[in-house]
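Each chain gets a letter, A, B, C, D and E, in the order it is written, and its residues are counted from 1.
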Amino acid sequence: MSSTIFEPGLNHFLVVSALLFSLGIMAVLSKRNVIMVLMGVELILNSANINLIAFSRFTELSLDGQMIGLFVIIIAAAEAAVALAIVLNVYNRFKTINLDEINLLKG
Amino acid sequence: MVENTLYSISLYLPEIVLVVTLCIIIVADLVLKNKEQVIAWIMLSGLATAGFFVIIQAGTVENIFFGMAALDPFATFFKVLLIITGIFVVLFSIKNRELEGYSSRMGEYYMLFTGMMLGMLMMAGATNLLLMFLALEIASISSYVLAGFTKRSLRSSEAAMKYIIYGAVSSGVMLYGISLLIGVTAATDIYAINDAISAGVEQTMMLNISVLMILVGLGFKIAVVPFHFWAPDVYEGAPITIAALLAVASKIAAFAMLIRLFSVSFIDASGLSATGTWSSVEGIHWNLLLGGMAALTMIVGNLTALRQDNIKRMLAYSSIAHAGYILIGLVIMSSEGLTSIMIYLFIYLFMNLGAFYVAMLFMNKAGTESIEEYKGLGHRAPLAGVALTIFLVSLTGLPPTGGFVAKLYIFGAAISAGWIWLVAVAGITTIISLFYYIRVVRNMYFFKPDEDAGRIEFDTLSKAILIALLVPVLLTGLYFQPVLEFARNSMLMFGF
Amino acid sequence: MELTTILFYLFALVTLGSAAIMVFSKNIVHSAFALMFTLMGVAALYVLLYADFLAATQLLVYVGGILILILFGVMLTSQGYTLSFKTITVNLIPASLISVGIAALLIFAFLTTNWTISEVAERTDTVYDLGMLLMGDYILPFIAVGVLLLIAIIGAILMSTRLSADNEGAS
Amino acid sequence: MFTNLPIIILLLPLLAFILMIFIGNKLPRKGDWLATGMMALTLVLSVVLLITKVGSHSADVFTSSLDWVVIGSKTIGVGIMIDNLAAIMLVVVTLVSTLVHLFSIGYMEGDIRYSRYYAYLGLFSFSMLGIVLTNNILLMYVFWELVGISSYLLIGHWYEKKSASNAANKAFIVNRVGDFGMFIGIMILFISFSSFTFEAIFDSISAGKLPFGSEGWLTAAGVLIFSGAIGKSAQFPLHVWLPDAMEGPTPVSALIHAATMVAAGVYLVARVFPMLTADALMVIAYIGAITALIAATIAITQFDIKKVLAYSTISQLGYMIMALGVGAYTAGFMHLVTHAAFKAGLFLGAGSVIYAMHAALHKLHDHDTDAQNIRNMGGLKAKMPVTYWTFLIFTLAISGIPLTSGFLSKDEILAGTLAFSTINGHWLLPLIGFTVAGLTAFYMFRLFILTFHGKTANEKILGGVIESPKVMTIPLMVLAALSLFFFYSFNPFGASSGWFYSAVVRPVSIVPELLQPAAYPVFYEAVSSVHTIAMVLSIIIAVAGVFLAFLVYEKKKISAEKLAQHAGFLYKGATNKWYFDEIYNRVFVNGSHVIMKALRWFDETIIDGIVNGAATVTQLFASISGWIDTNIVDGLVNGTASTANRAGRLLSYIQTGKVQTYLLFVLFSLLVLFILFL
Amino acid sequence: MELNIFGIGILTWIVFIPIVGMIIVLLLPDKNRNAIRWTAAVATGIQVVLAGIIFAFFDRAKLGINDAESFQFMEKFSWITVEAVPWVGRIEINYFLGIDGLSVLMIILTSLIAFIGVISSWNIDKMVKGYFALYLLLVTGMMGVFVALDFFLFFIFWEVMLLPMYFLIGLWGGPRREYAAIKFFIYTFVGGILMLLTMLALYFSVAYTDPATGQSVHTFNILHMMNPANYVDGGLLSGVDTTWRYVAWMALFINFAIKIPLFPFHTWLPDAHVEAPTPISVILAGVLLKLGTYGLLRINFPIFPDATVYFIYFMAALGMISIIYGAFCAMAQDDFKKLIAYSSISHMGIVVLGIAALNTQGMVGGVLQMFNHGIITAVLFLSVGVLYDRTKKRGLYDFGGIATQMPKYTGLAMIGMFAALGLPGLNGFVSELFSFLGAFEAYKWITIISVTGIIITAGYILWTIQRVYLGKTPEKLTDLKDITPREVLMFVPLIVLIILLGIYPAPAIELMNSSLSHLVEFIHGGGM
């Protein structure tokens, strides 16, 4: 284990992931544009992946973490593809992809 | 290793059947013309075969695919439920007029539907966090698209988009939670996690955070307050068949996963007493949290349902409320509670599908989803009217319908565990629920139909489906021993 | 300071910095490119964590796939070049409060948590081990993810293609 | 003999009732002969019974009973009891009833509900005989109410008239007030002694058992039972119904509201006499005295022939009650009997007059002149001789002039009150007694003179008046004969030597000694010592009253108007019946109207309002927009669950339709949960 | 005592005959109205016959209440049994029917009123099939409640009545029928939820040891719930005089009080009565209200003797308030049906007061009053119905002089009125007498105040008679026909009973005397 707090240990990576996570949340919550929101989701997924891989590096978890990370990347890709297809469809219907303008369903 | 894999495959037949069905549908979609009906029947037979294998395998308790999944009575129970739901929804889909304009795309519809069924079946059996997440995603991604299937409709498109964004964020948060949980316990298998937790976890705070985040994802699937917001919008926008599927199957699968995760991972294995009550890991009051959520869910679901005019939306809120009642079973943290959840889900399946189905029939024939415009429908369509009345009465929880038995067991389990306040909330909200259910009945019967509006007739298949849904609702109200025994015998989970 | 330390901070800075740019930029194209740097930074972090295969996958799938997809999305959904590339923010105050809150909480939790660290031997090559796992323990997810991709493809095609007899805009 | 005969006597009128109800209308002459005949048969049987009882079994009491119901371990029986009291009363009831039946053949001729009328008479007779014959207080209460209902039906015989149905209602409800007390009294007795029979109750009391172990409750029980008598015998303060009851046919007034039913209260007090404490008796005595006085004063001022008689009835009943209260048991009961004869006679006489007046008016097609107002009469002496002479005998009897039966009994009562005052100094009672005696003589002769003597204001009417038919005059003659002294005692100045006094003996008090009234020997001695004084005094006063009446109304030496002016507020009060009706109207009728309206409002607004929640307000606004009628259930939803609804609305506001807002809530909840779990 | 017909117990027959009728009705074609009516009449008629058989064979001496051995015509079958699994004991729900002195009279009442209801429904022309189907379902529910000895079964029958009633009022009622129907529904539903929760709490607190297997079995058996020995240690409702037992008692009490209805839970009743069609009013007042008091006696009292004693003053006071309050409110009404509805509140108050006395007279009086009131209000509502059929009016001020127009009818109606007024010689008096007698033994002042109710009752009844039957006939009402033979047929059995029981109530009282005495002892013994 490292002797100084500057030497990158588990916590360092986790902090990075936490920040990335919250930036993702920020994007999700504050951007009107759907695509920006999707980008935020990618950030969240990446932050989770950083966690997983960091754990696989520093704990007994070993390769399982990486394995899951791998699957997550694939899932993220699939999700992004479908999401963008749906967004495209929405754009074709609504002529906008600003989330706050798409609210026929409410109440 | 290979032997294990092969053996596991032999125990994973239902899922494999579905994959095969998916492939057949793809091929059939390419080859056949006028394929709608054929594909529907292919899917039905696929589901039936899967169901057949599920039943054949009933009773087996086995850990398969290197601990990735389990085949146990618990999973079997939920798979049976899921397949029944699937079969009904396929039948609904055949009858649904909404889908008529999309005949060229019905192949895809059934492909995605099959995919969703596959995902849900996997959810019921998954014992590894990765597989759980993966199964969840399979089910989710298919349902995102299905929700937007009627592309011409603005509402449907909007529903799909909202659903996927909401879902992506929720699953992202859940994944983050999973990553933390994995980090804390250094394990991905839920039994290993339990071992780790039982051995004593120092990072309690981390554990709490991770579970909370996982709850966001599962809560999203089940639609419990405060993670329910998507449900009404999506149900309203989606084709009614898919709304029914989401309200019933999706919920059943998510509950299966939630129960397995909670009752396997987060309990104090040493505290599992002979009476079947268990306690969560020291220092964590999951039951209180879940109880709070259950109460909130019942309150919000029922209160909001009061004001809805769209029947799908009303049923959406009602199914949110029902998720609250079901959650009570988990709060109790006992086998009794879980049994009552299973009974509830079993009955909920029929009554909720029934309500959706009649709503669909009315939409087909009378072209309305508005409860206000249901006036006089009971006189125009006596059978459907009576059936809807019975379904709604059952949803209210009045005897002699199944809904009563469902509530009876949930309430009973809660009372016996001493959760009086929760039961009180449940009781009060049940009373509130009466208002919006009865309003439909009142509109159907207490108004004379227009003079020129004739009787609504249904074809034989429609009637048969209706009866098939109606009979279990009434039967379970009077003689529910089989359900009870089925549920109790299915309490056995791998490793427990 | 060791090299890894310096590299860590560098990559962390790149990752978070470009992520911040992505989030706060008003131009969606800028955001997309910032996202690319973020993803690359993450890949670099993976390398630091002995996950070379994952780093490669990250670059391939994310930077090569997802990002392109996103850019396509951007292009396809904007009628005018300048106008709608500006993305206006909503819920700014509550959103920032929540994300700051979550960040603070998470960091606080991470820092106060006493992790059980086990020193794992440095890995030089993970590809073989991952491959073995995929064919062994992870065979089921491996197959399942294949199905997932199939479904996603079907879904994406369904959603993005036009209906044959479809008059757009009608509902 | 003493088991079967009474039951036959009891059931014959019931049979008559049933027959008349179901087939009365189909019989020839609408069945009047059947009803009358059966009543006459009853009379014959009763006389046989009386003669046998008093003649050969004077000291015995015959009871027989059978089980009615078993409740828990308590058995409640029904049964009959024959003692001299009952036997005498039987004859009184059946006699008057028979005569009234007979009289009615003439009086009610051509009535649209003729057979119904006879049916009700049968029902009444049955109930009245029930009161007389029963051996237990519950059964007494049962028949008590039944006579009430028959009275109600008969008062309301001409129910098309609003006043008739009003009077019927009033009679029943006012009686219910009295019965309410009686009912509670009965409950006290039953709870304490587990039995309803007089015998068992008296046995328990004499064994020293007290209700709830308290002497106060014994007094209370007595007074409460007596309150039944207050109602039925029209005692102050429940006397208000009787004058109104004159809305019924006059024969009914004679039977029910003069001779029998109203006397049932007296009979009741006589029945429970042994268990009454001194305090209870004191209350009874004073109630009787007050009633006697009030009614007598009102009677002076009335002009309706039946009203005068009604008030005189109340007054006389007050006498009887007072007599029982002071301990002059036999005198009181005897007055009941004698009064029954002469008051029934008076009413029938009045009926005869009214009948004649009606007939005369009818011929003239005059429907405005009041046939019952004595100011429209006068000088009937010549036109209706039988009625005149019999009426004179009755008037003498009620005024207490020697040689009449009334003198015998009244004299004994006055002696009793005087004796009572000598024993314990309640001088007010004899004072009232003698005053009322004078007043009675005065107003009765006022009535008599104004009706039969002098000249009428309207010759035209009287020209057409003729004597009533035989069926009506024969009962008058019979009753006139019975108003003479020799039927009761061969000594015209001393009743106590007659058969009646030996047959009806004051029973021994059984209450604990401390609570007992003056014992009979003591009382008897006191009576003997004051008897002569009382007799002389009563004769003087009665004669003075008669004389004064002649002075004022026959000779017109004193102007009645002037007298009235002198009397001032007293006269005004008396004419207005001392404002009892007004006060009751204000307090009870209006009071209950106010209460009921208030409660109705309370029920519809508050109780239901709570249920409907703030609905009332919502509905108010809603009804303005005309929205509520089509959306009643919505209204209810809005109502009952208005809070719920508001919450629902709030919650659906949260459902904005914007997915980011949703996520905001989700993540916010997550944050909150984090904080909670840290 | 057992009595089987074709191998099936008589109680099952009497409960489910209407269901058979309902099925036949549903199978008959819509058009064939008379066949539908006759089916209903035959089904309910058979019930009357069966009730007669029960009356004849009923053993008057047996105690019942808490003793399974002394119930009569018992039928007990296992309905739902789930064998014990490791974590929870056996579950057992029985199909358990039986009657004792408490229920036998109610059965007779129910069958009679149901039959008369069918006769008075004869002229209903709207949706005849639906009407009679629902009607027969309702009858089964009512009958079932009176014979069920398993709480679960009791509850099912209880709630089964809810929906038919809702529709019967809501579809065949007057102008404000929806409001009335939903109000009835909600009130009763609230009560039902309370009962459900209490029932569950009881279920989990009670377990008896199965003699055959030695297992501890949770049970819904009402009789087992009465035995303190059956309460499990630490159960929610175990022990004596615990707060939870009071809460449970109160919850049940509110449920039953809503049905009775007791002040202040009564406001559904006037609305429901006013809007309901005549036969349904008859059923409602004649039978449904009795379910409340029956429930108190069958469930509240013997299962919670401690809480009963604790709350008994409160209950008596509510009874008193209902008597007075109902009477005054009745007096204030302008609507004939509403008046009778409020008078029902008042009369049911007497029942409550009587049973609250906790002594034999009071209980006997109370139960008898249940029966009598059922018959009397039936007559009253039928009388209103007769008038309403002819004039389409219900306002008290709309009438007058009916006695001259319709003398036969007036005679019958008046007997009902007088019985309601508590006239001796008619049945109302007997039961009121015993109720008050019993109550007086227990509570002097409450009873004294209550007895003033009889004065008010006399007031409003006579006033009603005066306004409706007496006086001059308004011009509009001069062509009324006197009652038809069908109408006479529905009045006569009731009138005969009114008079018969008024004169000689012993046949009714001896049916229940021993059971109720036993119940009283049982309560005072604290459930021992």
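Note that contacts are C-beta pairs under 8 Å (C-beta built on N, C-alpha and C of every residue); 3 or more make two chains touch, one makes a residue touch a chain.
Just so you know, these numbers come straight off a predicted model, no measurement behind them.
Chains that count as touching both subunit B and subunit E, per the definition above, are D.
In terms of the stated touch criterion, the partners common to subunit B and subunit C are A, D, listed by label. Ranked by how close its C-alpha mean sits to the mean of all protein C-alpha atoms, the top chain is E. If you tally contacting C-beta pairs for each pair of chains, A-C comes out on top. Per-chain Cα centroids separate subunit C from subunit E by 71 Å. Here the spacing of subunit A and subunit C, counted between their Cα centres, is 5 Å.
A separation of 102 Å divides the Cα centre of subunit C from that of subunit D.
One simple way to say how far apart two chains are is to compare their mean CA positions; for subunit A and subunit B this gives 27 Å.
Across the assembly, subunit E contributes residues 178, 182, 186 that each touch 2 or more other chains. Across the assembly, subunit A contributes residues 21, 24-25, 28-30, 34, 37-38, 40, 49, 54, 59-60, 64, 67, 71, 75, 78-79, 82, 85-87, 89, 93, 99-100, 103-107 that each touch 2 or more other chains.
Shared interface positions of subunit D, i.e. residues touching 2 or more other chains, are given as 633, 636, 640, 652, 655, 657, 659-660, 663-664, 667, 670, 674, 678. Contact between chains, per the stated criterion, is found for A-B, A-C, A-D, B-C, B-D, B-E, C-D, D-E. Chain contact summary for the complex, subunit E toward subunit D: residues 176, 178-179, 182-183, 186, 263-264, 266-267, 325, 328-329, 331-333, 359-361, 364, 401, 403-404, 411, 418, 423-425, 429, 433-434, 436-437, 440-441, 447-448, 451-452, 454-456, 458-459, 462-463, 466, 469-472, 504-506, 509-510, 513, 516-517, 520. For subunit E in complex with subunit B, the residues that touch the partner chain are 79-82, 85-88, 91, 155-156, 159-160, 162-163, 166-167, 170-171, 177-178, 182, 185-186, 189-190, 192-194, 196-197, 200-201, 203-204, 236.
Subunit A makes touch with subunit B in their complex at residues 21, 24, 28, 34, 37-38, 40-41, 44-45, 47-49, 51-52, 54-55, 59-61, 64-65, 67-68, 71-72, 75, 78-79, 82-83, 85-87, 89-90, 93-94, 99, 102-107. Looking at the complex, you find that subunit C touches subunit B at residues 105-106, 109-110, 112-116, 136-141, 144-145, 147-148, 150-152, 154-155, 157-159, 163-166, 170-171.
Subunit D meets subunit B in the complex at residues 633-634, 636-637, 640-641, 644-645, 647-649, 651-652, 654-655, 657, 659, 662-663, 665-667, 669-670, 673-674, 677-678.
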